[in-house]
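Multiple structures follow.
In what follows, subunit A forms one complex with subunit B and a second complex with subunit C.
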Partner chain A sequence: MPSGALLFQSVLLGLLLGGLYALLASGLTLYFGIMRVVMIAHSAFLILAAYLAWYLHERAGIDPLLSMIVTVPLFFGAGVLLQRLLLTRLRPATLTMMSVLLTFAIALLIEGLLGYAFTGTQRRINLGYGSASIEVFGARIAVVKLIAFVLAVVALSALYLLMKRTRFGRALRATIQHRDAARLLGIDTDKVAGFGFGIGLATAAIGGTALSLDTTIYPSLHWHWIGPLMAIIVVGGLGSVPGAAIAALVLGMAQSLLQIPLGTTWAQTVFYVALFATLAIRPQGFFGGRLAQRF
Partner chain B sequence: MPSASRVLKIGAVVLLAVAILAFPSIAPNPYILSAGVLVLNYAVLSTSWNFVGGFTGYISLGHGALAGLGAYGTGLLVAKGGLPPFLALFVGAGLVAALAVPIGFAALRVRGASFVIVSISLVLILLLVFQSWASVTGGSRGLVVPRPFDLTRPEHHRVFYYLFAALLAVALLAWWLIDRSRFGLGLKSIREDEDKAEALGTATFAYKLIVFVVSAGFTALAGGMYALWFGDLDPVFQFSILTGSYLVLMALLGGVRQLFGPVTGAIIVGVALEYFKVEYGDTPLHLVATGLLLALVVLFMPDGILPAIGDLWKRFDRTERSSIREVTAAELREQRLAEAKGATR
Partner chain C sequence: MILTLGACGGDDGGDSGGNADDPIVIGVSLPLTGDFSEPGKGVQQGYEAWQKIINEKGGLLGRPVELKILDDQSNADRVVADYEQLIGKDEVDLVFGPFSTRLVVPSARVAEEYGMLFVEPAGAAKEVFEQGFKNLFYAAPAVANDHYNYLAEHILAMPADQRPKTAAYAAMDDPFAQGTAYGLKEKLEAGGIKTVVDEVYPPNTTDFSGIAAKIADSKADVLVGGSQYQDGVNLIVALQQLGYQPKLAAFSTAPTNPEFASAIGNKTAGVLSPTGYSQDAPYESNKEFVEKYTAANGKAPEEDQANGYTTGQVVAAAVTAVGCAEQGECQQKLVDWVRANEVQTVVGPLTWDETGKPKGAHMIQQWIDDDIKIVLPAPVKEAEFVYPKPAW
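Entry: the complex of A and B
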C-alpha cells in the first residue's frame, strides 16, 4: 500500500494533468460540435505550438509564456482558414469520414515538417524556474506544472464565459445545436463556424505552451496525446464541453494514480480501456446529449 | 456482342494478371523482386481494407494494427508455439478475426466518428502493449520468425511472391462475390444512407460487424504471410499508424467502389514509397509526401483514379448508355439543392 503522502501527491498531479487534458479536449469537442469533425491534427498543432515556444526561447530568449502573443493569434487564423478553405470543400454526405483523413494528412504534414526543420532530436526548454517547486501539505509540486494548470484553468474559464455570456458565444452554440435554424435567425453560420474552429485551435496554442514548460518534445509526440484526447471526448460524450472537462479530470486522475502500481507506460492504457468500455456500455458517452446519440 | 468498354475492361484485367504473374521472371535482381512482394502485400492489405471502407464507407485507420496482430500471432505461434508455419498462419488469422468481434462490437454500435476513433486507438494501444510486454513479444528487440522453407534468398522471394498473388486473388474473388450479393447490397445501402437502410429492415449492425470480421481476417492473413516472408517483427513498424494511412491512401487513390481500385492504388503508392525510400532514404519527408498526397486525394479525387479513367472513356465511347444511372446519395443531394436554387431564382 503506497503511503498517504504519495497518494496525495498523485492526486494533485492528476488534477494538474487533468486540467491540461480538459483544455485540449474542449478544443476537440468544439470542432466536433460545429462540423461533426474529428480533428486528428489537434495534437499535432499542440506539438507545433510547443516547438514554436521552444524555438523562440532558444533563439531569442523569450519566455515561453510570452510566445503565446504570437502563437495564439496565429493558430486562431490557421483554424479559420482550415475551416473556410479546406473543410467546407468536402462533400456534406461524407464529411465526417473525409475530414478525419484530411486532418490526419495535416497531422502527418506537421510531423514531417517539424522533423525536417528541427530533426527528431528531443528538445526541452531550460527555464530558470524549471526545477523550482513548492510544498503543499507535504506534496512537492513543480512550479511549471502549476503554471500550466493555471494557464489551462484561465483559458477554460475564458472559453466558458465566451460561450455563455457573449453574443458570439450564443451564435456559436446556436450553430452547434441546429445549423439551419441558426441561419434562419440571421446568424452567419459559416463565419461563426470558422471562428469556432479558430478558437479550438487557439486552445491548442495555449496547451502547447503549457506543455513546453515541463515536457521533452519530439515530432512524433502528438500520437501520445491524440489517443487520450479522443478517448476523453468519447467518454465525455462527443460534442459536450462540460462532459469532456469532467472526463478529462477523472481520467487524468486515474492515470496519475495508476502510475503508482503499474508504472507510466501501462497507466496510459486506462484511456483506451475507458474508451472501449464506454462504447460497449454507453456509446453516447456519459454526458453527451442528443448530438452524441448518432455518432 | 459485348460492348467496347467491356472488352477493354476484361483486357485490362487480363493484362494486369499477366503482368503480375510474369513479374518475377523479368525482375532484374532480388531487390526488385522483394519490392514486388512488398507491393503485393500492400495490394492484399488495401483490398482487405476495402471490405469495410468500400462497401460500408466506414474508414478505418487501424487496419495496420490488425495486420500487425496477424503478423505477431503467426510469428508467436511459430516461434514459441512450435506450430507448422502455414497452420500458424491460419490459426493466427482465425484468432484475429475472433478478436475483431468485440472490437467491432464497440466500434460499430454507433456511427462513423467513434469507429475512426477506435481504429486509431487500436494502433496506439497495441503499440504500447507490444513494446512493453517484452517477455512475450520480444519488445523493441523484435521477434525473429523462422523461415518456412529452406531456400536461397531470391527463391524465397519468388515463392512468397506467388503466395501473395494467390492470396490477392482469393481476396479479390471474395470482394467480387460480396459485391454481387444481397449482403453486398445491404452493405452499400449503409454507405449511402444508414438511416434509410435501417428503416427498410437491413440489419445494419450485424452486416457491419460481419464485414469487419471478414476484413480483419484477410488483413491478418496478409500480415501473417508478411511475418513468414520477412522473418523479423518490430512493434514500431507492425503497429504504425502510417501503415493504416497508406492502406487508406491506396484504396482511395485507386477508387473504393472498384474491385481493382485498391490494387491499382497499391501499385502506384507502393512503387512510389519504394522509390522514395531509395532516393531520399528515411527522412521525415516521406511523412510530408504521404500527407500531401492524402490531402490532395481527399480534396480533389475522393472517388479515385479508376472512375476518373472510366469517365474519360465514356466521353469517347457513345455506344454505351445505361438506362439506370448510378448516382450516390451525395450527388443526388447536390443535384436537388441545385434544382431548388434554380427554382427559387
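Entry: the complex of A and C
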C-alpha cells in the first residue's frame, strides 16, 4: 500500500505532467479542427523549439523563457507559410491521408537537419534552478515543472480568449464548423486557416521551450511524443482545445498514479488503452463532441 | 613482454620452422560499415595500435605481425564467410574476434570448427558463454553482471553500523543496462541489504518523475541505476528535484559521459560508475598504450580501442609463452595456455573460466571534485572511496 505522502506527491506530479501534455497537444488538435490535417511533424517542431532554446542559452546565455520572443513569431510565420505553400496544395478529397505523408516527411526533414546541425549528442539546458523545488505540505514541486505548468496555463488561456473573444477567433471557429458557410459570410477562410495553423505552430514554440527546461533532448526524441499526443487529442475529441486539455490532465494524472502499482511500462500504456477505448466506444472523443462544435 | 625467439615459429599451416622474416598474419573481420561501424572502427584502431607497437619491439617470435582486416558490413552471414576465407583459404596464422555479440557468436563457431584460438573484444552478453565454445575468450575485465562486483564487495565489507540497509534499483529494459544493476542487486540482497524499489522502464521513457517519486518515498540508502546516458541524467535530475539524498548513488554508463556534469548541473559529487577501461589506470602496459596511441592519433584511446588492444595483448602473451603461431596443433596449445594463465593487459590482469568468461570485475569510478576518479579496487585507486556521498 503506497504511503499518503507518495500518493500526494504523485497527484502533484500528475497534474504538472498533465498541464505540459495539454500545452503540447493543443496545437495538434487545432490543426485537425481547422482543416482536418493530421500533423505528424508537431512533435518535431516541439523538439526544434527545444533545440533553439538550448542553442540560444548555450551560445548567448539567454534564458529559455526569453528565447520565446524569437521562436514564437518565427514558428507562427513558419506555420502560415507551411499552410499556404504546402498544405493548401493537397486535394481536399484526400487531404487527411496525404497530410500524414507530407507532415511525416517534414518531421524526418527536421530530425535530419537537427542531427546535421547539432549531431545526435544528447543535450540538456543547464539551468541554475534545474533541480530546485518548492515544498508543499511535505511534497515537492520542481521549479522547472511549475514554470512549464504556468506556461501551459497562460498559453491555453490566451488561446481560449483569442478563440472566444476576438473577431479572428469567431472567424476561425466558423471555419472549423463549416468552411463553406463561413466563406458565404465573407470570411477569407484560406487566410484564417493559415493564421490558425500559425497559431498551432506558435503553441509548439511555447511547448518546446517548456519541454527544454526539464528534458534531455536529441533529434529523434519527437517519435516518443507523437503517440501519446495523438492519443490525447483523440480522447479529447479532435478539434477541441478544451477537450484536449481535459484529456491531457486526466491521462497525465492516470499515468502518474498507475505508476505506483504497475510500474513505468504499464503506466505508459494508459494512452493506448484510452485511445482504443475511445475509438471503440465514443469515436468523437470523450471530452469533445458537441464541445468541439462550439470550440 | 620481451620476446624470446621461438624455435618453432611456423608459417602457413606447416609445422616446419618458419623463416624469421615471414610475417605472422592475423585475420580479422570487423564491422567497418553498417550498424556497428562506430565501435567497429574503434576496435580496428586498437588492433592497429597493437600491431604498430609490437612491431616496433621486434614483432612476435621475432617475426613482424601483419593484420588482414575484412569488412563484414555488420552482417552475420558476411562475418562467417570472412572467417571461412581467412582461415581456410588465406591460411592466416591467428585470428582476432569481430565486434558485437551478434557477430561474435557466428564467427566463433567457424573458429571452433577449425580449432583456432578465438580471443574477442566484444562479448559482454551472457549468451556468448552459453554456446559451449572451447576456444573463445572475452578480452575485457567482466561481463555486464559482474560490472559492480568491487562495489558489492566494498559495501558488504563495511562495519554493520555504517553499512546501508536498503537499496532502490531502476534499470532500463535492455540486457546490458539491466544486467549491470541486477548483478549488484543479487549480491547486495544476499548480503542482507533490502530491496525497497525495483523499477524497470522502457528505453523510450521520457518522464522519470514517477519513478523518482517512488524512490524518494522509499528513502533508500543506496540508489542503483542500470542506465544508458539520457535516462540516467533524467532520473538523477528528477530525484534532485524531489530532494532525495541517497548515501550512495551508482549509475552505469551515464557518469563517464563527457556531458554528464553539465547535464545534471554539476551536482556530481560522489556519483559512482563502473568502467571497463580508464586512460589513467596505472597498469604498466596502459601507460605505454595511452602515450603511444595519443602521440600517433592526436587523442587518447577510449574503451573500444582498449578492447582491441587487449585482444592483441592476450594473443601475444600466449604466442610468446607457447612459442608458436600457426594453424594446427599449435592452436590447441595456445588455447590451453590462455585458459591456465593470467595475462597483464591495459585493462588489468585477466583470467578466464572454462566458458571463456573473464573472472574479473570493472573498476569503480567516483566523481570527486570536478573529476571522475578510480576508487576501487584498492591496488589501482586514484582517490579514496567517499561514503556517504555529499548531498546533490
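In this text, the second predicted complex is superposed on the first by the 288 of 295 C-alpha atoms of A that agree within 3 Å, B and C clash if a C-alpha of one lies under 4 Å from a C-alpha of the other, contacts with A are read in each partner's own complex, and residues count from 1 in each chain.
By our rule, a residue touches a chain if its C-beta (ideal position, glycine included) is under 8 Å from a C-beta of that chain, and two chains touch if they have at least 3 such contacts.
In this text, all values refer to a predicted model and were calculated from it rather than measured experimentally.
Trainee: Would subunit B and subunit C fit next to each other on subunit A once aligned, or clash?
Mentor: Superposition check on subunit A shows subunit B and subunit C fit without a clash.
Trainee: Which of the two partners, first being subunit B and second being subunit C, lies in contact with A:218: first, second, both, or neither?
Mentor: It touches subunit C, and subunit B stays clear.
Trainee: Using the superposition on chain A described above, determine whether A:127 touches subunit B (first), subunit C (second), both, or neither.
Mentor: A:127: touches subunit C, not subunit B.
Trainee: Taking the superposition on A as described, I'd like to know which of subunit B and subunit C A:142 touches: first, second, both or neither.
Mentor: After superposition on chain A, A:142 lies in contact with subunit C alone.
Trainee: One more residue to check, A:283. First (subunit B), second (subunit C), both or neither?
Mentor: A:283 contacts subunit B only, not subunit C.
Trainee: Comparing subunit B against subunit C, which has contacts with more of the residues in subunit A?
Mentor: B
Trainee: In the overlay of the two complexes, what angle sits at the CA centre of subunit A between those of subunit B and subunit C, given in steps of 10 degrees?
Mentor: 70
Trainee: On the A-aligned overlay, A:268 touches which partner chain: subunit B = first, subunit C = second, or both, or neither?
Mentor: Both: A:268 reaches subunit B and subunit C.
Trainee: State whether A:50 touches subunit B only (first), subunit C only (second), both chains, or neither.
Mentor: Neither partner.
Trainee: Touching A:248 in the superposition: subunit B (first), subunit C (second), both, neither?
Mentor: The answer is neither, since A:248 touches no partner chain.
Trainee: In whole Å, how close do subunit B and subunit C get at the C-alpha level once superposed?
Mentor: 5
Trainee: Based on the A-chain superposition described above, do subunit B and subunit C contact any of the same residues on subunit A, and if so which?
Mentor: In subunit A, positions 265, 268 sit in both the subunit B and subunit C interfaces.
Trainee: Contact residues on subunit B for subunit A in the complex?
Mentor: 57-59, 61, 102, 105-107, 109-114, 116-118, 120-121, 124-125, 128-129, 131-132, 241-242, 245, 248, 252, 283-292, 294-295, 298-299, 302, 328-330, 333-334
Trainee: Within their complex, state which residues of subunit A touch subunit C.
Mentor: Result: residues 2-3, 5-6, 9-10, 13, 16-17, 121-124, 126-128, 130-133, 135, 140, 142, 144-145, 214-216, 218, 221, 224-225, 255-256, 259-260, 263-265, 267-268 of subunit A touch subunit C.
Trainee: Which subunit A residues qualify as touching subunit B in the complex?
Mentor: Subunit A reaches subunit B through residues 32, 36, 38, 40, 86, 89-94, 96-98, 100-102, 104-109, 111-116, 120, 219, 223, 226-227, 230-231, 234, 238, 265-266, 268-269, 271-272, 275-276, 279-280, 283-284, 293-295.
Trainee: Write out the stretch or stretches of subunit C touching subunit A in their complex.
Mentor: Touching subunit A: residues 173, 199-202, 204-207, 209-211, 213-214, 216-217, 229-230, 233-234, 237-238, 240-243, 259, 262-267, 392 of subunit C.
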